[in-house]
Amino acid sequence: MKALTNRSKIAVDKEYTFMERLYFPAIIKGMMITISHLLKKKATLRYPEVQKEFAPVYRGKHVLKRDEKGAENCTACGLCAVACPAEAITMTAAERKKGEEGKYREEKYAEVYEINMLRCIFCGLCEEACPKEAIFLTDEIVKTSYDRQDFVYGKDRLVEDMNKRIDITKRQKKY
Amino acid sequence: MESNNAEHTKIVEALNSRFASSIKEMGEPYGELTISVDSSNIKNIIAFLASEEMGFSYLTDLCGMHYDTTDELGVVYHIHNLYTNTRIRLKTRMPKAKPEIDSMVSLFRSANWQERETYDFYGIIFKGHPDLRRILNMDEMDYFPMRKEYALEDGTRTDKNDTMFGR
Amino acid sequence: MIESINDKISGENYNTINLGPTHPATHGIFQNVLTMDGEKIIRAESTVGYIHRAFEKIAERRPYNQITPLTDRLNYCSAPINNMGWEMTVEKLLGVQTPKRVDYMRVIIMELARIADHVICNSILAVDCGALTGFTYIFQQREKIYEIFEGICGARLTTNIGRIGGFERDFSDKTWKQIKDFLVDFPKAFREYEALVNRNRIFMDRTIGTGPMSPELALNYGFTGPNLRATGLDYDVRVMNPYSSYQDFDFTIPVGKQGDSYDRYMVRSAEMWNSISIIQQAMDKMPEGPYHADVPEFYLPPKEDVYTKMEALIYHFKIVMGESKVPIGEVYHSVEGANGELGFYLVSDGGRTPYRLHFRRPCFITYQAYAKMIEGSVLSDAIITMSSLNVIAGELDA
Amino acid sequence: MGVDNKVNIVAAPEGHSEPGFFATSLDKAVGLARKNSIWPLPFATSCCGIEFMATMASNYDMARFGAERLSFSPRQADLLMVMGTISKKMGPVVKQVYLQMAEPRWVIAVGACASSGGIFDTYSVLQGIDKVVPVDVYVPGCPPRPEQIIDGLMRIQDLIGNESLRRRNSPEYKALLASYGIE
Amino acid sequence: MELTELIFKGILVVIIFAITLVAALYSTFAERKISAVLQDRIGPNRAGPFGLLQPLADGVKMFMKEEIIPTSSSKWLFILAPCLAMITAGMSSAVMPWGGNLIIDGETYALQVADINIGILYILGITSVGIYGIMIGGWASDNKYSLLGAIRASSQMISYELAMGLSVIAVVMMTGDLSINEIVKGQPGGHWNVFYQPLGFIIFLICAFAETNRAPFDLPECETELIGGYHTEYSSMKLGFFLFAEYINMFVSCALVAAVYFGGYNMPFINSMGWSPNTVTIVGTACFFLKIAFGIFFFMWVRWTLPRFRYDQLMRLGWQILIPLSIINVILTGLGIIVFK
């Protein structure tokens, strides 16, 4: 057929040269290549003894952030749930009572906040949707488990521990 | 229809001279020549376009549609002339009660599975198709899932609180 | 017992054999019922749909920005191309002009994705021929592409990279360095791989002449991409309908001669070299500028503004809730996916979700020729042909 | 070699040791052998299959756990790794493959789709393979990183190592299989 | 035969059998490790130090696995097949001369179980019986893939047996004896047959690959095409026997190549070191095993480098290239013998 453009270039050569006909030159060449890898440094990462450092923007397990005083940022606006393509997030909102100012930053808070980690596709849209800097994905991976029920992460596993704060400033940087 | 594209003008003229009665609407949204035609004459029109004279020898895409406002089904064809690099979109509509249209398999072999897929999704019968069966879904399925009235979810999902998403 | 194995077709004793759906060489899951005369295939029939996931139906129920993660899972070997194809489709519908820098960044990502995809196809072709070692060499390079993606968007395979209007963030210095390193490392490893496989007579004997295709027939069957180019016809969406500033780059279109497995393999090889050169050109010419277009209706405002400015907060809510205004209309946009022309036919009725979104999946259209291609050949050839067509199940069944 | 020394070699099973003599319960020894010789059957249907390839390739090397010999024949496999979406059309095939496997057999659901259906809550997708076969370990992620797949494999190893030889004959196990309609 | 010799032979049989088994066992481990290092990986390293207990783990696991005999199979043949494969594989090492003579208390003991004067024919014969194991196994499974594997295996075996026999004939012509021990003795010091019979050696080596069903000739199993070929339906230790037989065959093939072409237990300068005869014998045996080990490494090296042939290409290679070449080799050898002797 007529060519469509003038940029085409034939990329194959199917004619065997005499040496190629003999099988052996190519075989010996190939074997030399493989044997040269015998002493090369192995590429293997010895997980779990050695852990690779993930990119700072890696989308792994979620965290519900607290502010500097330890109050939860989440106000249960539900944007993350709406933004979730897998519909993995559910929450119940509650009104903050008097005396709980140290626990919750805004007047509303999430009484129940659950992410179904088996449903989650780690797309990061919830993080983008959050207007309150509450939910972030971290560079931790979600652990495997034996039971399907184990994967519904409630607030006990999502809210960050004040003693082990997770640094998310790198995620927010837009370079 | 006025067009700045000389190729489009030529095609429109050629079609108008032959199939004036079958053409319902023409337009150029986003620079793509779009022609709505009568579904009963679609095979002749495409055969004419695919002939050597017009050179639209390539069926890029064939897909079904469900217009739920008028309760009509439709088939949309994208055909392509590779040498002039022109694309045409041909749209047809047919009543949902009698969704029948001619098959394109004799012109383009690539239409075979695409028509089966369209049948699978929308229940459009392609007359003259050699092997019109479901392709993606199970044979036992008794409805055409892409029609607007059918739900997306299968209802067996147990780990989701639907009230969150307003369903 | 022999009687139970054979069944009679038109008076002759032929075997039927099920190639798939869990056969090791079918990678994804395709079933082919083969009628065999000894090792020779008399007739083949393909069954697909084993991972039909109803993409098009989901797309009718999701707002525009939530469809990007969906496209990841079409051709998962080269997810970024799908992501960007979709974003460009929406941009076309919205009439958004992206800055040059975004175009160039997209070109880099898409060409990296193309390399990642072709690496899988070519190395798996060798694996199916029985040579496993080359696969491990070249896969180490693929791992580097993953790292680059991870640094940009945070995921390895299903990237959800880019947003409508541009990128979610600019490339970091580390990413630039990774890409530069990749451009140095990959050619070395790839040359080694090619030395191991390309001119090995056993490999050539296996692939030359298997599953040949003429350009006329290929067009009739709807081939695009490397599979069409292997037959000798130089159709490439990047050249015919340039998108994302592909017209700025200088590259050739590698074509084959007979459209057999070796042609497909070599065309993919040559395309990888082309991709390397395109990435290099894009790096050299990279313009300065913003990393996203100015589309407040679709591109999320920066977080600081959301906290402080009312207008930004409103846009933020509108985008997340999917309430942004979308024009009514229909648009078809196609990109050169790793396996061929990946098209998006989008019909909008102005609502928060697409009224209809149809994916033109090259694998689906190409694969229907497979049964015809293997008829008359032997079982081994059928497997090589399948590998060299690079049919991705996710894209096939949608 | 610095890293080499850090490798966690499997500890010898608890037992009774005297010079030239080491006694341990059969359960433990067999468990130890089984867990270090897992032959997986990769049932890779989509994206997770590509990450599985990455796990098998040089950078993550699942061979370290003695699990690199893929056996595509279900008769020879110990571990069914279901990776990727399983549609309703595919469901019976998964079950048949499971039935063809020889005891003891384990199943690991890799990725969101196989575990729960993931993003594809649609009419055509099975909402988790635990609807057709019993699953031992779930690996979250879409797709999971190779680290997570290895993690899942190590969980399976723990499970195998602690399993009693008679578990497969126990009424509980039979009841579990019966709940899936498997005799 | 005297009683002491009988006891000695008995011990030797046990030792040889044990060595063969251990060698085969550790070949599986070597295969995994060598493939790993050639592919920039580490390979098994969890089971025992450096993963050395990996083969044991595999063995125990296979022993404890459920036995499945498909209902549609012919039960007895299904069970017979792996036994046959294993027995014939084990038998072939009987005529191999593992070393020279040991002199204990003035008595001379040959490190060979049976020095039968048609040793070469015996090995060729036994290996061709071994193929029945594969054929029967493939047929009895009542699985189409297995059947295809069995057919491939048998026709492959027939075509390569011929070329193999012809290439050995050239060596036999030079030695004038069919006994393997005589052939080994005919290559003292560095006068290995490989230098006199390079063409015959290459043909023999290629045929050895084909006979043992190793890549690039592993068509009967051929994972990507036939799943497991003849052993697709086999589980537990019956599969273990098949795999084991394959590795024993490889070990024996390497031993045969080493004995016929690389001088067996002969090494250059070994006799000029002034060692006692017993030391020479022991060092010679060690050398023989070193040669075998290298042979096994070579088999694996090739396997992890090359793609495999297609069935018809394999046949063409066998009938159209190797057999004519081996006939030419016989003629050349005959001419050489006439001219030089």
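When the chains are written out, they are named A, B, C, D and E in that same order, and each has its own residue count from 1.
Going forward, a residue touches a chain if its C-beta (ideal position, glycine included) is under 8 Å from a C-beta of that chain, and two chains touch if they have at least 3 such contacts.
The structure displayed is predicted, hence computed values, not measured ones.
Listed by label, the chains that touch chain A and also chain E are C, D. Removal of chain A in thought leaves the touching network of the remaining chains intact as one piece. Farthest from chain D in terms of Cα centroid separation is B.
Centroid distances built from C-alpha atoms place B farthest away from chain E.
Chain pairs B-C and A-B differ in how many C-beta pairs are in contact, and the one with more is B-C. The geometric centre of chain B is 63 Å away from that of chain E, both derived from CA atoms. Inter-chain spacing, taken between the CA centroids of chain C and chain D, is 30 Å.
With centres defined as mean CA coordinates, chain E is found 35 Å away from chain D. Rounded to whole angstrom, the centroid-to-centroid distance between chain C and chain E, based on C-alpha atoms, equals 46 Å. Chain A has residues 4, 27, 30, 33-34, 37, 42-44, 46, 82, 85, 87, 116, 118-119, 121-123, 148 in contact with two or more other chains. Across the assembly, chain C contributes 23-24, 49, 52, 54, 57-58, 69-70, 133, 136-137, 140, 158, 196-197, 200, 202, 219, 235, 240, 397 as residues in contact with two or more other chains.
Among all residues of chain E, those that touch two or more other chains are 38-42, 223, 227, 304-306. Here, these are the chain pairs in contact: A-B, A-C, A-D, A-E, B-C, B-D, C-D, C-E, D-E. Remark: chain C residues 48-49, 52, 54, 56-58, 60-61, 92-93, 217, 219-222, 235, 240-241, 329-332, 334, 341, 343, 345, 347, 356, 358, 360, 364-365, 367-369, 397-398 touch chain B in the complex. By the touch criterion stated above, chain B contacts chain A in their complex at residues 82-83, 159-161, 164-165. Only residues 35, 38-41, 72, 74, 142, 144-145, 147-148, 151, 215-216, 218, 222-225, 227, 304-313 of chain E touch chain C when the two sit together in their complex. For chain A in complex with chain C, the touching residues are 1, 3-5, 7-12, 14, 16, 20-23, 26-27, 29-30, 33-34, 37, 43, 54-55, 57-59, 79, 82-83, 85, 121-125, 128-129, 131, 133, 137, 172-175.
By the touch criterion given at the top, residues 43-47, 49-51, 53-54, 57-59, 70, 72, 84-87, 89-90, 93, 97, 119-120, 122-125, 142-143, 145 of chain D touch chain C in their complex.
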